[in-house]
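The data blocks that follow each hold one structure.
Heads up, the next two complexes both have chain A, just with different partners, chain B and then chain C.
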Partner chain A sequence: MPKRIVDWLDLRLGIRDILEQNLTKYLLPRNINIWYTLGAVLLTLFALQFATGILLLIYYQPSPQEAFSSVQRIMNEIPYGWLLRNLHAVGSNLIVAVLLLHMLSALFMGSYKRPRELTWVSGFLLLNLSLGLCLTGYLLPWSQLSFWATTIATDAAGAIPLLGADLVGFLRGGTAVGEDTLGRFFALHVMGFPLLFGLLVAFHLFCVRRTGVSKPPFGPDYTPPKEHDRFHHEHHPGGIPFFPHYMAKEAGVISFFLALLVAITFFAPGLFIPPTANIPADPFVTPPGIKPEWYFLWAYQVLKIFPSELMGLAVQVVAMTLLALLPFIDRSPERRPARRPLFVALFICGIAIFVGLSIWGYFS
Partner chain B sequence: MGSRRLFLTTALGAIGAVLAFAAGWPVWRYLSPMEEPGEEERIALDREDVPLGVAHFFRFRGQPAVVLQSSPGVYYAFSAICTHLGCIVQWLPEQREFLCPCHAGRFSPDGRVLSGPPPRPLDSLPVTVVDNRLLIG
Partner chain C sequence: MIHILGRTWGLLLFLLFLPTDVSAQQNQDETVCIQCHGGIPGAIGAPVRQWQGSIHQRHGVLCFHCHGGDPTDFGLAHSPERGFLGAPGDEDVPKFCGRCHVGVTEDYFESAHGQALGAGGPNCVTCHGSHAVQRATSELINPQDCTRCHEYGRAEEIKNAIAGTEAFISSLEGDVAALHRLGIDTSRLEGSIFSVRNEFRRLFHSVDVERVRNETDNFQQQLGVIAGQVEALQAELARRKVWGGAVVVLLILAGVLSLLLYKSYMEGKEG
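Right, the complex of A and B next:
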């Protein structure tokens, strides 16, 4: 039966050719490693976010009067509402973790270098867009945690000279976080950002497919590819086929992350949902100990350690800009970590600073 | 570039700019914060609402504010927003001071910083007593 369907489609659209080109005859480097599966993990996790998100939308009410109680209703009354909500919340955290790993692997293997600059830049934008999705989604339950985390996050923009106050007002749609903030965050979270996100993912994948997968820069027979002065797709003759070989490996890693997602959802759903998330928002009472989510702790701590907020903000902007433009700054073709001691040292320092600041932010 | 091409490009560019503005301006206005109840807004409270040693929280020009009777007949009003990173201060009646729950900034009843990271006193608001009412703003 499947064969007859494929035959039928093949006759009309010539799909056999496309399938072959992209699956069985699409060859990957023989020494490809497990880090290359993280992109597929991200695609799966994002598909799950879309699915759970659409289901949550059915009962969620985006107004200050009803948001909190509608989420309580999803959690406590609607059958399996707790499951969908926790999957969506835990999933967002897992995605950020995998995004960071995916980025670190591209850094370590130097795969951001020519000709993959656009892959890197689009990936970096995707990371920022994902953080934007997390930030806007965080406000929607309209809990004390949502309200105050958003107040603190939007307040940071106020440190920008001249424009600061107007910018904060524009982000919030008013002087304080309120009904109009919820409205714009909701629109961005469920429509604006996902649409942009879809387009950017398509572009990112186009870049990956068009340039060809990079050869991992390890092993004795790694030779740096020649520099080309016209477009060149990186082929891997004698490599392993994407289907079934590499897809099987991807399926394994995806299963691992799905198991992790389900395990946290079932056994530690409170890991990312502190007690202040269970109290409705009250603009007159700041609860003690409001902390941003773990992946924003570094930024939060940077704002606190500098004598002025403006300096802290400037440091963040500089760090993110350097990362975004890295392929245009670090232009040597060398990708082997053993031959890039300075880069590897910076790489390790960068991770250590990120982790150190986050822990400091958590306990301060 | 031929003059006909130049003309057409300029005309197209101008039309494009006009259209972009026609589309962009309403969107910009739509997204901008609406006028809050005016910079001019004043609020009247009953004196009974603010007994001695009690802090009364209220909304003023869209933001949380607080008024306090620190000694008989002496009233102070402040924006309740901590001058550090914008949390809302709480009144501790026992200690007779304001505490910010975020990074433990402490303020005296007249708004001065007692300890902690806040860089400046609480922003004070003018209070006038008129008969049985407090006028703020």
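Right, the complex of A and C next:
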């Protein structure tokens, strides 16, 4: 039966040729390492977020009067609702962690360099969009955590000179976090951001496929690729086929990450869902000790270190802009870490600063 | 490009968090009571400092909830027309607290403590304190405090009589809080425990040892029913973990098999 379907499609669309070109005859570097599988892990986790998100959407009600009770209903009455909600919440955190690992591996192996600047920039934008999705999703359960985190977060916009007050009003849809804020965040979370996200993912994958997978810059045989004046797809003659060889490796790593996701979901959901997430929003009671999610702790601490919020914001903008434009700043074709001591030193310092600020932010 | 990226990240940054104590402070500053009294040293400002960290503060009970007045207007904060009551006299304290704590006040008035009100007997704040009031536990019955007025013997008998039930209640409260942290809707269980606890505390505010002993079984039975519901939920969570553990094992196995498959493909290709 599957053969008949493929035959039918092949006759009309030449499907066998497409499959061959993109699977069995699509060759990857022989020394491709495990870090390259993180893209596939991310695609799987995003697909899971999409699926669980749609299922949650069936029962979720985006109004201050109904939001918390609808989430409680999902958690306590809908069959397997607790599983969907916990997978969605834990999955979002795991995605950010894998996104960071994916970005770090691209940095360490110099995969962002010419001709892959657009792949890097689209990936960087995807990271930011993912953080935007996390932030907008945070408000939706309309819990104490949601309400106060969003109140404090939107307050930060007030630090911008001249525009601050207007921006706060724009983000909230009013003077305080309320029904209009929930409406905006809901629309962005379930429609606006996912739409942009889908387009960007498609562009990112197109860049990867069109330019070709970069060869890992390790081993005695490695030499930096020649720079071309015209478009050039990086081929890997004698490499391993994407299917079945490399896909087996990807399937292995995806399985391990899914095992981690399921383990946290079943055994330690509280790691990413603090107690204040289970208390309905009360605009008159500020719960003590609200902290941002772990991936925002570094930024939270930067805002505290500097004497004014504006300075803290400016430092973050400069740091992130430098990161976004790195391929246009670091133009050397050399990708071997051993031959890029300055970059590796900065790379290690960057990770140490991120981790250090996050720990400081957590305990401050 | 730099401009666009800067603005994109900047917009995200607007949404980042500021220190929560700023917000908490703003919230408290909204009441003129705290704005004014909080900055005054000595006895007039002391209640604000004592109230901070109290059980009332944690539950959002503010100055005006007890003392009345308009918390939004400096001029009307002490206005009797806005319900300002000020501080009650010693004999008025039970009725003052009893506007919220209705049940225990009734039993208090019927007790030896209540009967002695105005004749050297204790009122609510004698044992519980006023602004720095904390969650009530049986530790409030102790030799140091009770012997301020009378011998400890009878108080100790009451403490021993309630100890088991109090421990049962505390244990259930801990179990229910743990369930709530996992997203379980525990509102009915919390309501049931709250109800039993209040009734039980009414009982021992009567300071009648025999009555406490006679009625303890009834409370233990009610708590037993709640404990059964808690255990059912805990069993359900345990079942979920078994299934979750099985899925984790299967996924790890799938991962190992996939990598073995990859290895065999690679060996085949090299061979």
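Note that the second predicted complex is superposed on the first by the 364 of 364 C-alpha atoms of A that agree within 3 Å, B and C clash if a C-alpha of one lies under 4 Å from a C-alpha of the other, contacts with A are read in each partner's own complex, and residues count from 1 in each chain.
The rule we apply is simple: a residue touches a chain if its C-beta (ideal position, glycine included) is under 8 Å from a C-beta of that chain, and two chains touch if they have at least 3 such contacts.
If you're wondering where the values come from, they're calculated on a predicted model, not measured in any experiment.
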item: Fit or clash - chain C, chain B, common chain A; value: clash
item: First, second, both or neither for A:Pro288, with chain B first and chain C second; value: both
item: Partner chain in contact with A:Tyr59 - chain B first, chain C second, else both or neither; value: neither
item: First, second, both or neither for A:Phe347, with chain B first and chain C second; value: neither
item: First, second, both or neither for A:Phe296, with chain B first and chain C second; value: second
item: First, second, both or neither for A:Ile152, with chain B first and chain C second; value: both
item: Which of chain B and chain C A:Pro275 touches, first, second, both or neither; value: second
item: Chain A residues touched - chain C or chain B, whichever exceeds; value: C
item: Which of chain B and chain C A:Gly252 touches, first, second, both or neither; value: second
item: First, second, both or neither for A:Thr175, with chain B first and chain C second; value: first
item: Touching both chain C and chain B, counted on chain A across the two superposed complexes; value: 148, 151-152, 155, 284-286, 288-290, 303-304, 309
item: Contact footprint of chain A on chain C as seen in their complex; value: 1-2, 5-6, 8-10, 12-20, 22-24, 27, 59-60, 180-185, 240-241, 243-245, 247-248, 251-252, 254-259, 261-262, 265-266, 269
item: For the chain A and chain B complex, residues of the former touching the latter; value: 148, 151-152, 155, 158, 169-170, 172-176, 178, 180, 184, 283-290, 303-304, 309
item: Chain A residues within the chain C interface of the complex; value: 72, 75-76, 82, 85-86, 124-125, 128, 131-132, 135, 148-149, 151-157, 160, 167, 171, 240, 244-246, 248-249, 251-256, 258-259, 262-263, 265-267, 269-270, 273, 275, 277-278, 282, 284-286, 288-292, 296, 299-300, 303-304, 309, 313, 316-317, 320-321, 324-325, 328
item: Partner chain A, residues of chain B touching it in the complex; value: 31-34, 36, 57, 61-64, 80, 85-90, 100-103
